[in-house]
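Take a look at the structures below.
Below, subunit A partners subunit B and then partners subunit C, in two separate complexes.
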Partner chain A sequence: MADGRGGTLRAYRALLGAQARSQTAYRTSFAVDLVGNVGATAFDVLTVLVLFGVTRELGGFTLRETLVVVGLSACAFATADLLVGNIERIPQYVRTGLLDAVLVRPLGALPQLLLMDLPLRKVSRAVFGLAVWVTAVASAGIDWTPGRALLVVLAPLAAVVFFGSIFVATATVSFYWVESGQLANSLTYGGRDFTSYPVTVYGGWFRALFAYGLGFAFVSYHPALALLGRADPLGLPAWVGWAAPGVAVVAAALAAAAWRVGIRHYRSTGS
Partner chain B sequence: MEGSGVGSLNATVAPFTTSNVIPWFRTFWALAASGFRRYSTYRQATVAGIVTNTVFGFLRCYVLLAVAGAAGTAGGYDRPQLATFVWVGQGLLTVVLLWGWTELADRIRTGDVTADLLRPVHPVTAYLATDLGRAGHAALARLLPPVVVAPFFFDLYLPTRWPTVLLFAGSATAAVVICFACRYLVNATAYWLADVRGPLVLWTLGSGVLCGLYFPLRFLPEWLYQALWIATPFPSLLQTPLDVLVERDPAPVQVALVAVQAGWVVVLLAACRWVQRRAERRLAVQGG
Partner chain C sequence: MTEVITARGLRKEFTVHVKTGRIRRARRVRAAVDGLDLRVERGEMLGYIGPNGAGKSTTLKMFTGVLTPTAGEVRVCGLRPVAQRTRLALRIGVVFGQRSQLWWDLPLRDSFDLLRHVYRVPAAEHAARLRRCRDLLDLDGFLDVPVRQLSLGQRMRGELTAALLHGPEVLFLDEPTIGLDVVSRQAVRGFLAELGSTGDTTLVLTTHDLADIERLCRRLVVVDQGRVVHDGSIADLHRRYGSRRLVVADLDAPLPEPPVLPGAPLREVAADGRRLVYALESAGVAEVVSGLAGVASLRDVAVVEPDIEEVVARLYGAPAPAAVPAP
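Let's look at the complex of A and B:
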């Protein structure tokens, strides 16, 4: 550890390089994966277009306004899924014992797991998500101010951090419950679906839980309101749209704490 | 050595199985029962799956009810019909098992499939029997819970004509067989391709959007959904049983929709057997 930080960075770069080489070794498979990953996000957007084929407004929002919400959610989720999404495979790492090997190396466990399995095929999806976001913002007729120009960049970044935190926090469940299976999906993919529509669509305690209990309203709905200059039909003040980065930081802190507690609790399965 | 498969030129020993009907049914039943037992051992995964289906039930139901909006109808469905469509759809999703079945492709890749070919039951029949057993377990463990939970939070539509219940049972069973046949065909591409991810990705994307899971296909223009219904098996996987259950159409149309499914069952099972026969002629498994 003579050169400390530089050596650590070099080790991470080696992990990432090995991944990139192995994933692109089979060119046809890689190309198919790139196309397939665009498809998933494209269908999410297509679904919204089909729904607006039979209705003129959804929860009080027009197609153009809803597309800002969808674009923000799609762009941020795709990027978070690219960077952190593969942590959802941690039940396999626990079951096969790979996590033990990771823990004995002199590098952080979380960055190792992320870089060992960075799914480069999902790059296409993140790029597509960004294209949807840019198109939606450009066609929404936003009344531009310096503040909104800043929010257009900050909001997706905050949403990426938020979704990343959800990925990590839900993955820690498998330290306690190895067979938790799809459970994490209900918050990760469920969160993506929830944030694809204005929260006025949902009702009752379900909205209260997902939107404000878990904080998903700050991912796309409130930033979109602030960008569009619309008052919240549910009555929250306008500045809430600017709280998104703060909420993301809190979420990241909670996820980091959950990860630390989870790793300390981890007992190898012995396999 | 007749019927044992050893020394036979054909990998599958078909004649032995079709000579007597009663043992055939007994074998089929035993395989189905083993499929049921196998899936009933994954209890924790079942609980986690139910929670996930229920969350998505809430999400999709609220969105479709918002589409119905003030008018109260969308695509010819009223609010209770839309709610039933979503919630039963969430349960049915795991009964037909749209995604996540790569067992056959894995066995072809590793060469384990030779063991299936040596058995005195046709592989398509054996896998179908196991899958029906799995579907039986899913109908109890994965279809019932969301349907029991939903009425506490949403107004659901109950069928008003008694034959609908029978038609739904038939339609759901046909959907399981059609979905199995589609999955079998997608998996069987492993006989020809070294990597089946391409066909799997196409199947996952196509089936999700074209079977009516993301939105009822009746939200599409009429010419488009009718073309999909006739030309592709996808609407028969989920949309048909759900439309039958919520009585979207008068009785004669319900029967016609199930008849289309029956057509797909025959065509696709025949296709599975044909593909299997072609594959066995070229299959070369490395020894070792």
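Let's look at the complex of A and C:
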């Protein structure tokens, strides 16, 4: 099946190329969007800087430390939003018949939808997010070890997978309930905002639910602790900082299962 | 194995929420397809007709793996459509009249090239099939035009090509002629007739246009409210519902008494007795014509095919017969 697999990869690459040609067909608007899309991520970082204008510490973390948390969150969210974010447009795919069209082709439905609607205009945002991450890590005074060097690469990848899983899992709700956009947004964008700060700034049931119930603490907070060499003020052991890839794999498996069940409930449209 | 499609007790239910009060809503389960049994052999050309909401599209979507049946069994090319969707996709072609397989912003030619990669078709095979479609469907004039700028007729010809480039064993067409002008409609019908005449490709098409069926399909399945109300040839349909071919004879001068012909009852006398219309029951055209020619001088004779629309309209809404009698 080696040839079959290569053929499948070539097919996906062809879909990606077609999407690139389609999007760049409108040059000016593409260029404008490239610039405009940096805005949202820049705003996340600015918010943190403004906060530190009025306080010296946030939940027990300094500005440089907090920037590692927000940098990881921003970089991963922007990348996941680029790669998977458009899956929230399922109701539109249903209405235009794109979902029917991809289902009668010999490729996976989810990768086809992602590639055929890949918002290349958001590339600028992902690049900006990466720049924030690199800057934050470089200026945080990290005591480098081989382990931390590995984590600095692995943590953003795990976070991308985690955010991507949240996008896919929440999007599948619209197979049952078309008007589910707001619920999905509260988890995806809410999750991004939650992971922009150390979880110590939140309290009570809200922290318990988002940080550990849904697993958002593993996206940026715990990896940041491991990189900075700080003990968790909430008392979790140090190895938790390394749990991010495992949590991401579990999240991806759950999201894939939700997708598979969801697509069987797909109702299509009248004609 | 020559059976391409087998469906047994196929059923698809949808849950709808009906408003019963200001806020209150009731959940109702409606069966779009209600116990469908169907067997289609290789090379058949099957026409699937029914009023809006009869479950035609839903059935096709269950055959192609888009929708999961609520109950019943279905095999297409020996595969289970939903569970083996990607394997089945390589062996079937699908044209949804109101959906597109083409890339909107790219030239038509690019869509064909992309589909070659998607279906992993060897370049030589792809080129040969594309050449044939270009000739038969006259695509050359608009191959380099972005799909969004094509007319509906041009786009439909593109869709047909797109569905055939991987050499499918079964071609499913959902309303392939809807909204087309007369010329495009003829082009599409002619192409499908040619495709079906080789006997390699099985064709299943849904339509509202009975002319599609008369031109293309020897077998006609009429569905209403999710059930099959007729399955057989068009001739069977006429036989079953008593519709007859008519002989319309125009005479030079009216007869005092229209002749009584065995096996062909008189249906109508028009134009002051100069036009006689006989229905062909057991008699043939020749017997009726020679019977008339013996007693009158004929100006013109025409044989009129029965109006299938009328027959089908009578089928819709009528209670389904317990069993469809074999011809």
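Keep in mind that, in the parts below, the second predicted complex is superposed on the first by the 262 of 271 C-alpha atoms of A that agree within 3 Å, B and C clash if a C-alpha of one lies under 4 Å from a C-alpha of the other, contacts with A are read in each partner's own complex, and residues count from 1 in each chain.
One rule holds in what follows: a contact is a pair of C-beta atoms (placed from the backbone, for glycine too) under 8 Å apart; a residue touches a chain by one contact, two chains touch by 3 or more.
Values in this document were obtained by computation on a predicted structure and should not be read as measured data.
Superposition note: with subunit A as the common reference, subunit B and subunit C can be accommodated side by side. When both complexes are overlaid on chain A, the residue A:39 reaches subunit B alone and has no touch with subunit C. Shared-chain residue A:47: touches subunit B; no touch with subunit C. Legend: residue contacts after superposition of the two complexes on their common chain; A:145 is shown touching neither subunit B nor subunit C.
Comparing subunit C and subunit B on the residues of subunit A they touch gives the larger count to B.
Contacts of A:135 after superposition on the shared chain: neither subunit B nor subunit C is touched. Looking at the shared chain after the overlay, A:186 reaches subunit B, while subunit C stays out of its contact range. Residue contacts after overlaying the shared chain place A:58 against subunit B, while subunit C stays out of touching range. In the superposition on chain A, A:264 makes contact with subunit C only, while subunit B stays out of contact range. By the touch criterion defined above, A:203 reaches subunit B but does not reach subunit C. Think of it this way: put the two complexes on top of each other by chain A, and the tightest Cα contact between subunit B and subunit C is 11 Å. Contacts from subunit A toward subunit B in the complex involve residues 26, 28-29, 32-33, 35-36, 39-40, 43, 46-47, 50-51, 53-55, 57-59, 177, 179-183, 185-187, 190, 193-194, 197, 200-204, 206. Within the complex formed with subunit C, the residues of subunit A that make contact are 4, 7-8, 10-11, 13-15, 18, 21-22, 25, 97, 100-101, 103-108, 264-268, 270-271. Every residue of subunit B that touches subunit A in the complex is listed here, in rising order: 42, 44-45, 48-49, 51-52, 55-56, 58-60, 62-63, 66-69, 74-75, 153, 195, 197-198, 201-202, 204-205, 208-209, 214-215, 219-221.
Of all the residues in subunit C, the ones that touch subunit A in their complex are 14, 53, 57-58, 61, 64-68, 82, 85-87, 89-90, 92, 94, 96-101, 103-106, 110, 113-114, 117-120, 146, 174-175.
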